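As written, the chains take the letters A, B, C, D, E and F, and residue 1 is the first residue of each chain.
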Amino acid sequence: MDQNPESAAERVGRTLFAERGMYRLTMLREMDPGFASLFEAWCYGGLYDRGVLDDRVRELCAVAALIPVNRPTVIETHLKAALRCGATRQEVLEVIFQSAVYAGMPDCLATLDQFKRLDDAGEFAGLGPSYGG
Amino acid sequence: MDQNPESAAERVGRTLFAERGMYRLTMLREMDPGFASLFEAWCYGGLYDRGVLDDRVRELCAVAALIPVNRPTVIETHLKAALRCGATRQEVLEVIFQSAVYAGMPDCLATLDQFKRLDDAGEFAGLGPSYGG
Amino acid sequence: MDQNPESAAERVGRTLFAERGMYRLTMLREMDPGFASLFEAWCYGGLYDRGVLDDRVRELCAVAALIPVNRPTVIETHLKAALRCGATRQEVLEVIFQSAVYAGMPDCLATLDQFKRLDDAGEFAGLGPSYGG
Amino acid sequence: MDQNPESAAERVGRTLFAERGMYRLTMLREMDPGFASLFEAWCYGGLYDRGVLDDRVRELCAVAALIPVNRPTVIETHLKAALRCGATRQEVLEVIFQSAVYAGMPDCLATLDQFKRLDDAGEFAGLGPSYGG
Amino acid sequence: MDQNPESAAERVGRTLFAERGMYRLTMLREMDPGFASLFEAWCYGGLYDRGVLDDRVRELCAVAALIPVNRPTVIETHLKAALRCGATRQEVLEVIFQSAVYAGMPDCLATLDQFKRLDDAGEFAGLGPSYGG
Amino acid sequence: MDQNPESAAERVGRTLFAERGMYRLTMLREMDPGFASLFEAWCYGGLYDRGVLDDRVRELCAVAALIPVNRPTVIETHLKAALRCGATRQEVLEVIFQSAVYAGMPDCLATLDQFKRLDDAGEFAGLGPSYGG
């Protein structure tokens, strides 16, 4: 990933998801270079880089979409990305609150519990306007 | 619903969802007034009326959240509400495109098919900036 | 199904689900007798015939379990079975109302819409205490 | 929560869910008082307090509804609540067994594994007729 | 799509999914050329064209994966593709039968009902070894 | 399980799932012998023993079906069974890659993470052609 100019997928991975994004690219390239290429062209370098929605709105929608998916490491990545893209703590919480209507109370409460654990552990420090970012 | 001043739930139902919102309030009141009161205080008059996110962003997030839920009449209501709240056709489509990552291609394609059927049938006429609204 | 004594699966199919239950047994036997035997021993003649929970409670739990499953013909069968087993209209509706907490409002509202369509069409006539059964 | 008379939500939270219920109320009030009020009026003080179904049946249905939701801390709360409301160990297990039909074997087995872990750890002691409650 | 040489996505769309595949490519290109390009590189021309699993096994796995997704037009496309790729009627039915364990009986039965409707309507004629294909 | 001849369910449990399969049989028999009998006749001794699909294909389909089910201990059992039945590492990974289309990227990535954890921990040693089995 070094002497070559940064690819679109690498730029998006680094900008939106920081270490987590770079880990994902490396992990997939080591596991299966062909699938990694498809992933990069489709996801980080594709849908995440279209610019139709600004990143703050796109990531708030990602949080909304990911709550029912119930994959904690994936939604953690996007909770942080939403903050990193300028969403406030209150806006991210609001998307989780609204999920009580769409996905049900258990999905809402479990996601609030996860948000609180991350927040209490200082995992959001430096991310976005609510966390001195 | 006539001589009394409009409640918050009625105002939200009418503003965001038009006839569909008023139908829902009437249908629930006839079915079970106690449950209707809980619904109105929780949903239309509660979470949909908090104002933390502006309605355009909140409804784009609702579309994102509803794609995996797979209830066509409910997402139709919110596709229209998103347009009515100022989201453009391209922004609503973009939220559906992004769902191919989060919820999978079948949910994305089935929602695009539904969007196209509604669009082709003129169901979005007058709703928001893309449809002369 | 005629000259042989009725099997446990046939008795349960007939008692709980009437024509729908008999249709299911016939349809599976014609499609694949081996799978039909497994189905009968597992489901109608197995789990549905254990008697640990009385049928009214078991069928109310079935309705609760089936709301998020989103298969309209299957939940229709169990809405009717719950009424047939002695649950009142108000009890069945209550299970659907409670689903707004567990499964979310769209699942609740879509199931209420289905219940109302069946009720308005007279499909519940003769089933249980609320419908002259 | 001290010098004021107990609210309906507090009574339900305490009665059905004990410490877990009180924790949830406190946690939500600290996180967002407005959302906490909506939650209390909708859920603990609302749907959980209607009395149409007796609490034993309502909580057995809650267990049935929560198995496919796959949120372990939430279903743990309701497994205990079902026992606390008078359901026997065998009745709660039966609802989990039945889920093998509706939600599939993996949801059934994973919930049985969770039940067994809680049971082996003595977490059900004092709850309901099967546990000396 | 005419004077240009056929792309990988077009070849896969035509070979696996026939008219349905060509419709999908055209529909997406008209709706949003940028998203259509991402779709073609990711899906038809990407994951569906890797050749690690032979198409018969890959499409049987697709049917298995799509049963819980509950999108009838999408699974119809893959039921036909599995037959077109050489799976027998009995093999496709077997994958649906097995889903009763993994996804639950309602998903299995609803998919069997859909398979039977398509079969009775002659929709599988000419597809694969069991249908004179 | 000792002096009696091995039942079909015991043979399948041992052959496909090794210690995990035997644990499951024992655990269910201790918990509820009646449910254990139904499980054995339906699942290990029933659907898993029909022979319509060879075990390698059946287990690859099982992995495909289990990815969206999101029950880690259950899919671990079937990841190992697929390898034990002769699927290669690359074939099992391919089924997981394909799930990015059907179930979405979060389910795919979370399952890849689980596969990598098991692989790195040596959990697949001795299983099938890719692991010296």
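By definition in this document, a contact is a pair of C-beta atoms (placed from the backbone, for glycine too) under 8 Å apart; a residue touches a chain by one contact, two chains touch by 3 or more.
Just so it is clear, the model here is predicted, and its values are computed rather than measured.
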Output for shared partners of chain B and chain E reads A, C, D, F
By Cα centroid distance, the chain farthest from chain D is E
Set A-D beside A-B; more C-beta pairs touch across A-B
Maximum distance between Cα centroids and chain C occurs for chain A
CA centroids of chain A and chain F: separation to the nearest Å works out as 31
Averaging C-alpha coordinates per chain, one finds the centres of chain A and chain C separated by a number of Å equal to 42
Contacts with two or more other chains occur in chain F at residues 42-43, 47, 50, 66, 69-70, 97, 100-107
Counting only contacts in the complex, chain C reaches chain A at residues 100-107
In the complex, chain D touches chain C at residues 42-43, 47, 50, 52-53, 57-58, 60-69, 90-91, 94-95, 97-103
Per the touch rule, the chain E residues reaching chain C in their complex are 70, 93, 97, 100, 104-107, 109-110, 112-113, 116
Listed in rising order, the residues of chain D that touch chain B in the complex are 34, 38, 41-42, 46-47, 50
Seen from chain E, its contact residues with chain B in the complex are 24, 27-28, 31-32, 35, 39, 43, 66, 69-71, 73-75
